[in-house]
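Here chain A shows up in two complexes: once beside chain B, once beside chain C.
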Partner chain A sequence: MKWRGSLTAMLALAIMLAGTMVGLGGQASAQDAADRPVLRLGVNAADLATLDPHYASGTQDRTVVDMIFNGLVRYAPGNSAEMEPDLATEIPTPEMADGKQVWTFTLRDDVTCQAGPDTDAYPLTADDVVYSLQKSANVDRSAYAGDYAGMTVEKVDDHTVKITMDEPLSPTLFLPKVANYAGGFIVCSKAVEAMGDDAFKTHPVGTGPFAFESYTSQNSVVLTANDDYFRGAPKLGGVEVRYMPDPSSRELGMQSGELDVIAGVNEAPWVERINSDGQFQADVFGVAEAVWVNFNVTAAPLDNPKVREALALAISRDEHAALRGEPVSELIYSVVPAQEMPGGLTKEEAEAAGVLYEQDIERARQLMAEAGYPDGFSMDLVTSEMSDYRANYEVLQAELAEIGVTINLNVVDHATMHEQIRNDVNPIVIYVAFRPNANVYLTNFFDSASIVVTGSAPNANFSHYSGIDDLIEKARTETDPEAQAEIWKEANIQILKDLAAYPLYMQNLVYARSPRVDYGHELKSSLALYPQITEQTTINAG
Partner chain B sequence: MATAHAAVATATLAAPEGPKLISQRERALRTFASNRTAVLGMVMIVAIVVVALAAPLLAPHDPLQQSVRDRLAPPSVDYPLGRDDKGRDILSRIIYGTRIALLVGVVSVLLGGLLGTAIGVVAGYFGGKVDSALMRLTDVLLAFPELITGLLVLAVLGPGLGKMIIAIGLTIAPRFARIAYGPTLALKETEFIEAARSIGVRDGRLLRVHILPNVGGDLLVFASLWTASAIRLEASLSFIGLGVAPPTPTWGQMIRDGTVHLAAVPLYSLGPGVALLLTVLAFNLVGDGFRDVLDPKARA
Partner chain C sequence: MARHIVRRLLLAIPTLLAVFTIIFFIVRVAPGDPAVAALGDYASADAVAALREKMGLNAPLWQQYLTFLGDLARGDLGRSLISQKPVSEQIGFVLPYTLELTAAAILVGLALGIPTGVLTAIRRNSAIDYIGRVFSLLGLSFPAFYLGILLMFFFAVKLGLFPAVGSAPFSRPLENLHYLVLPALTLGLIETAYIAHMTRSVMLSVLSDDYVRTARAKGLRERVVLLRHALRAALIPIVSLVGIFAISLIGSSVLVEEVFARPGLGKLMVGATKQKDYTTLQSIMVIYALIIVIINLVVDIIYTFVDPRVRYS
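This part shows the complex of A and B:
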C-alpha cells in the first residue's frame, strides 16, 4: 500500500501548490482578514436610519459612520476634548486675508478611498474634500447645512484645501465643522457620484479603518477591515453591528458569547452589577447629555422672579441625579456642563457668582408667601413617557408639592411631548440634550431668536428668555478661545441670575465589553456616542 | 326586594322543587355557600375592599413620599417589599393601588352595565329598526378586542382616571347589551307580559318592573366576571402608559415600571402582579358562584 500513500502525498502537494498560486493572485489578504477576529457590537436601536454621514444623527448611525469615515481633523479616539489631525497633516492656524479668515489644510498623500459598489478604490484628493464640504453645506444633501453657511471651500492643489470664513471664528467653533462629526465627515466623491445620494444612505464609502460590506434590515450591518487604511491595517478582521433594542437581550447576548461589546443601561446599579461578577467590564464615559429645568420667564406666575427662585430652591440636584446614580450622572451647575466643554460653570464658580441655589424648602416657602402664593398654585405639565423625562417630572412634582405647588402631569408619547413643548404648552420644561459646544447650547435654548412659537427662528428656547443675546453674539465672534470661554461663563451666570433655567445633572454613556476586547485607547468621552472601534482595537485570544 | 324575588322566580321555573319546602332566597344562599371556592372569592373581595377603604391605616408609608437616593432599595423591615425607582414604598403603593383597581373595576362595570343593559333591553323589547340599529352598533363594537376598544376611546379622550373609567365602561357596554338582549326577546313573548300589556301597563313600567328584574340574574353573573376583566384592562392600559396620571399608584403602571428593574428588584413588578392576580381571581370565583346559583342547568 506504499504507493497509495505517496499518491496521496503528491495530490496534497498539488493542491497546496494550486492554493498558493491562487493566493498569489490576490486571495492572501482576504485569507488574512478572515484570520483576524470580527468584533460583534450590540447597539441600542431596532434598525439603522441612514448611513450618509451628513444625515446620521441617531446614536446607532453615528456609531457606524465613525468607523467608515474621517474628517480633516479628528477628536482623539476615546477623548473628545482633544483635537488631532486626521486627513490633514496638521491643524492649521488661521490667517486673515481681506477681512476674512482663511484656514489652509494640507492633506496626507497616503489616504485611499474605499472601493464602492460601482467604483474602485482610489487615492483621496482635495477634490473629494471640496465635494464633501460642499455637500454638507447643501441643504438638499445634508442635515447640517446651517453649520456651513458663510464658508467657502476651494482646492489649491491636489493636496491643499483653502477654507475661507466670512466671519472669523475661534478654533473651538471652527474645527468641529471639519472634524469627524456630522457634516465634517469626508465622503468619497466618485463613489457618491456613481451611486447617487439615496443609494449612499445604505452603502457608505469613506476612507476609514472599516469598509461597509452588507446590511440586513432590522438585523445588522457588517463592516470589513480596510487594509489600505492610512494608519495601518486594522487588527480586527471586521465589525458586525447588531441592532438589538432590548437591553436584556444584549446582556444575554454578551453572556452567551455572541456579542463582544454592548450598549449598556445608563444606570449606576446596572454598571455595578456587570462589574461585580468580574466576567465583563462596564465602562462609563462621555459625552454626557445635560438635564435641566426651563422656567418660562414670561408666563404667570413664573414671570415673578420670586416664584422662580422659590421653585429653584425646592429642587434638589442630588435627588434628580440619583435617578441614574454616580458615576453615570454627575451634577452640573450651568446648562453648559463644565466637565465637558469650555464655558460651563463649576460648583465653585456658581457659588462665587451666587447662583448655586441649593435646596432650602423653608426659604422657598417664604418666597412663595412673599410673592403672594402662600398656598401655592397648580399647573398642568406634559411629559414624555420616556423614563428620562417622566422620572424627572415625577421627582419635580414631589419636590414642588413641598412648597404647595401642585403639578398635574399628563403623560404622552415622546414625539407628542416634543411637539407640545414646542407649541409652548409647558411653563416648565425639563429637557435632556447634548450639544457639541457652549455656543450651540446657548443659541438653541437661550437666544431670543430661538423662542418657541414667537421667536424669529423658533428652536428650543422654552424659557422665552432674551437676556444673553449680546453675550452669545460677542462670544461667537471672539477668536481667542479663553476669552470666548469667559464670555460663555458670563452668559451662564446671567441665565441663572434670571433663573431662566435650573441645571440638574448630566448623564454619561454606558457600554459593556468582554474583558478580551481592548479598544486601543483610553475611554473618556466620545462624540460618536459609543466607545469607538479603530484600527488599534483588538480582541485577545481567550 | 321584589326585584330579587322575581329574578329567582324565573330561574327556578325550570327546576322543580324537592319535597322539602324552603324559601328561594335561602336556597340560593345555600347553593352559594356550598360552593367553597365562591365563598373563598367572596371572603377575598371583602378583604380587598377593607384594604382599599383602610389604605391610610394599613399602608406603612405615604405612597407618594419620594427619596430617589434610596431608589430600588431591597426589602427591609421598614420597607417589606423594598422601594421603587423613585424611592417610594412598594407595599404602600400596592395598598393604595387597590383603590384605583376597585374604583375602576366597579364604576366602569356599573357604567357599562347601565348603558349596555339599556341598549339590550330597549332593542329586544321594541324590535324593528331600533333593534337593528342598536344591535348592529353593538356587533361592530364587539368585533374589536377589549384592549383595542379601550385604546381607541382613550386615544380620543386622552389619559386620566375618569376617562379611563369611561373607556372601560364603553368597552364593556356592548357585552352587557348582548346578554340583556336575548332574554328580553324571549320574555317579550311570554304570557305574563302580554297580560300586563293587555291591562294597559305602559312600556316604561313594563320594562322596569317585569323585564329588567328577569334579566338581572344573568347580568349579575357577568357583572362580577367583568369586574375582573375591567381591573385587568385597567392594568393593561396603565401598562401601556395610557392610564392614570402619575404619581397616583396603579398596579399596571407599577408592573410596567418594574419590568426595567426585574433582575434587580423583582418584587417591584411581582408585588402588584400578585395583587392583580388575587383580585381578578376573587371576582372570577364569585362570578362562578353566582352562575351556579342562578343557572340551574350548570348545577351539578
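This part shows the complex of A and C:
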C-alpha cells in the first residue's frame, strides 16, 4: 500500500528533524577558549528585581551587588562575624566632638570605579563615598534611608571622609552602616549621575572584583573580571548568574555540567542526597533566618498572659525545626539568634531566666481553663503560600488543636501576606527573617514605635508590644559592645517573660557546587546570602 | 475575504476594550502592594510610602484607568513598576521565545500526531492501534513539567545531547534551535497525544461516510481515498483544534519555561504577578488577548483553504 509509504515518509521527516537538531549539539557546546574560567551560578529566582545596591533586598539581587560593590569596611568573605577594612585603609576608632561621635575614614588610593555605559573608569575619591552615603540616607533613592538618620557625611580631602553621628553608637551598630551590605555599598557617583537612578537599576557600576557586562531578562546577568580591582585581578574570567526558580532544573543543570554552583533546597534530606554520591558538595552555612511566633498582646484572647503561656506550652520547637532538619535548622531560644550575633540567649541562659517554655500540653490545657477558655477558641490567620511560612502555620495549627484552639488558615501569595499582616489582620504572626544585628531585630519587631498600623513609625511590631522601649534605647546608645550585648539579652528575656513572641529555630542557607569550585575562603556565614564569589574564587581543572 | 477580515477586526475592538477594562481592575482588586513586594520586608513604612508615590499608585483609580487607556491607544504599554524598563521592551524580548516554543511544539505535534492518528484509525483494533492509544493516553495524562524533567535527565544529563537549561539568542540561530529541542519536545509530545487522539476519532468517522465508500467503489486507490478524500475532510476539525492548542500552549508554556529556565511570556507574567507589577501584568494580558483574536482570525482564514465550502463574502 503506497499510502503507508507516505505516512512512513512523514514520520521519517519528523525523525530527521529531530536528528538534525541533535546534530547541532556539537556547535552549541563549543565554548570560547578564555584564559580564565567563567563560573556559572544558578540562583533561586525568575529574574532580578533591582541591582541598585541601595534597593536590593531579594537574595538574587544581593548576590550580584556583592560582587560589584564594596563598602568602607566589609564582612570577611565567608565569615560575617568578622569585620575588616574594605575601601578604607583601616577601621577607625571613633572620637567625641561637641557631644557627637566622629568616625574618620582614610580611603585606599588604589581603588578604581569601573567604566559605566556613559563614563570611563576613574579613581574613587571621598566625593563618591559622600555621594553614596547621602543617597542611602535619601528616602526617595534608597530603601534603607531609616538606617542613616542622624548621620552627617563630609569630605575632608580626596581620601578622607568624616562621618558624624548625632548620637554615639557602638562599633556593633555603626560599622554595618558603612559595610558592604544594603545602604553601606559605595556606588560610583559619576556613573550614577550620568545614567540616572532608573538606568542604574539594571546597569550597576561599582569598585568590586567583577563588573557588570550584560543582563538578559529572565535569563542571566553576566559579570566580567575587573582586572583593576584593588585586591588584584580575579582568578575567574567572570561570573554568569542564571535565574532558575525551579530547584530540579538547577540540580539537573549542575549534573549536566552547565552550572558550577547552585542555590540548593533548605532541607536536610536534600543536603544528604547531594553529599551522598560524592559528585557534588552541598554547603550549609549562615547567615540563618530566625523563625518565631509573635503574639498580639493587646488583642483578646491573647491579651490574657495565661492564654499566651498556654499557646507557648503547646508549641514544640523540635516539631517546627524538623520541617528543615539538622544541620539546616538549629533551635533558638530568643528571637535574636545567639548562634549568630551578640545579644541572643543560649538554651542555658533561657532556662536560667525561666523563659524556656518547653512543650507541656497538660499544663497548657490547665492554663486555658484558668483563663476561662476550657473549650478553647478559634481564630483566622493569613499565611503565605511559601513553604517557610505555610508549613510552620500548619504545624502550629496541629499543636494548638491539642489545647482546643482552632486555627483557620487562609493561604495567600507572599507579597499579599506581608501587606495583610502589616494591616494587622493576624493576632498570631509567624515570621521568618534575618536582620544584621540585635538592635534591628528588637527595633523592627518589638519597639512600640514599630507597632503595625498604629505605631509612630509602623514597621513589623505585630505583637503590639511596648515592654522594652527603654532597653532598646539604652542598648542603642551603649558604646561598650559587651555591656550592649548584656542589655539586649535583658530585652530578650523580657520579651519572653511577657510572651510577646516565641522563638522556634533558625534556618541556614544551602548551596551546592562542583567539587572543582574553590571559593577561596572558608564558608561559615555570608550576609550576602550566597557563598560569595571573590577575586580568590576559582574553578580547578577537572 | 478582505471585508471579512476587516469586519472581524472591527468586532474585536469592543471585545478588547471590555477585556482591557476587566484586566485593569482585576489586577488592582487583588490584594498586595507592589511597593512592599519591590522593597522587601526590611524596608520601613516611609520607604514604602515614598515608593508608592513614585510608582503613581496614590493617584485615584479612575485617573490610573484613563492613563492606561490613553497610553494603550498610543501603543504605549507603560513602564514596569519594578524595573522601570518599558514593558514593550520586556514583552518584545520574551514574546519571540514563547512564539518559537509554541510553533515548534505544534510542528512536533502535527508531524507526529497526524500520522499516528491516521495509522491507528486505519488499523483499528490492531496492535498498532492499541499501542498508539496507550501512548495517547499517557501523553494526555502526563504533566508537562514532569515530562520536561525526564527528558532533561535522559537527553541532557545522561546522553549529553542537548543543554538542560537556558536559551540562546536568535542572533545565534543554530544554538537557539539546540536549546529549543527539549522544551519543544516536552510540549510537542503532549500535543502529539491530543492531535493523534483527535485525528483517530475524526478519521474513523470520515472513513465510514458514504462518499468514502463511493470513492472506494469507484475503484480509487486506497492512498488517494485516504489522503485526498478522508484526510482532507478530517483536517477541518484538526485545524480548528490546532488553533485552540496554540492558544492554550501560549498560556501553558509557563511550566516548560520555568523548568527549562527559558525566557517567555508566561514566565514574565508569573514574575509580574508575584511582584504585583500592575503595568507589566496588564500589558501581558493585553498581548494575550490580541494573540487570541489574531489566532482565531488566522484559523478562520485557513478554513477557506482546507474546506472549499467555506467562503467569506
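Points worth noting:
To be clear about the criterion, the second predicted complex is superposed on the first by the 509 of 542 C-alpha atoms of A that agree within 3 Å, B and C clash if a C-alpha of one lies under 4 Å from a C-alpha of the other, contacts with A are read in each partner's own complex, and residues count from 1 in each chain.
By our rule, a contact is a pair of C-beta atoms (placed from the backbone, for glycine too) under 8 Å apart; a residue touches a chain by one contact, two chains touch by 3 or more.
Note that this is a predicted model, so its numbers are computed, not measured.
Of the two partner chains, neither chain B nor chain C is touched by A:94.
Once the two complexes are laid over each other on the shared chain, residue contacts for A:238 go to neither chain B nor chain C. Once the two complexes are overlaid on the shared chain, A:204 sits clear of chain B and of chain C alike.
Applying the stated contact rule after C-alpha superposition, one finds that A:416 touches chain C and leaves chain B untouched. Measured by the number of chain A residues touched, the leading partner among chain B and chain C is C.
Comparing the two interfaces of chain A, the one with chain B and the one with chain C have residues 248, 412-413 in common. Here chain C touches chain A in the complex through residues 30-34, 36-47, 50-51, 54, 82-85, 90, 93-94, 108, 111-112, 114-115, 118-119, 145, 149, 152-153, 156-157, 160-169, 174-175, 177-181, 185, 221-223, 226-227, 258-264, 267-268, 270-271, 273-276, going by the rule given at the top. Contact residues on chain B toward chain A in their complex (touch as defined above): 64-69, 71-72, 85-87, 158-159, 241, 245-247, 260, 263-264. Within the complex formed with chain C, the chain A residues making contact are 1-3, 6-7, 10-11, 13-14, 17-18, 21-22, 24-25, 27-29, 42, 46-50, 55, 57-58, 139-140, 142-146, 182, 198, 201-202, 216-220, 242-246, 248-250, 252-253, 255-259, 412-416, 418-420, 422, 433, 435, 444, 457-460. Partner chain B is touched in their complex by these residues of chain A: 248, 269, 273, 318-320, 322-323, 325, 385, 387, 390-391, 393-395, 397-398, 401, 408-413.
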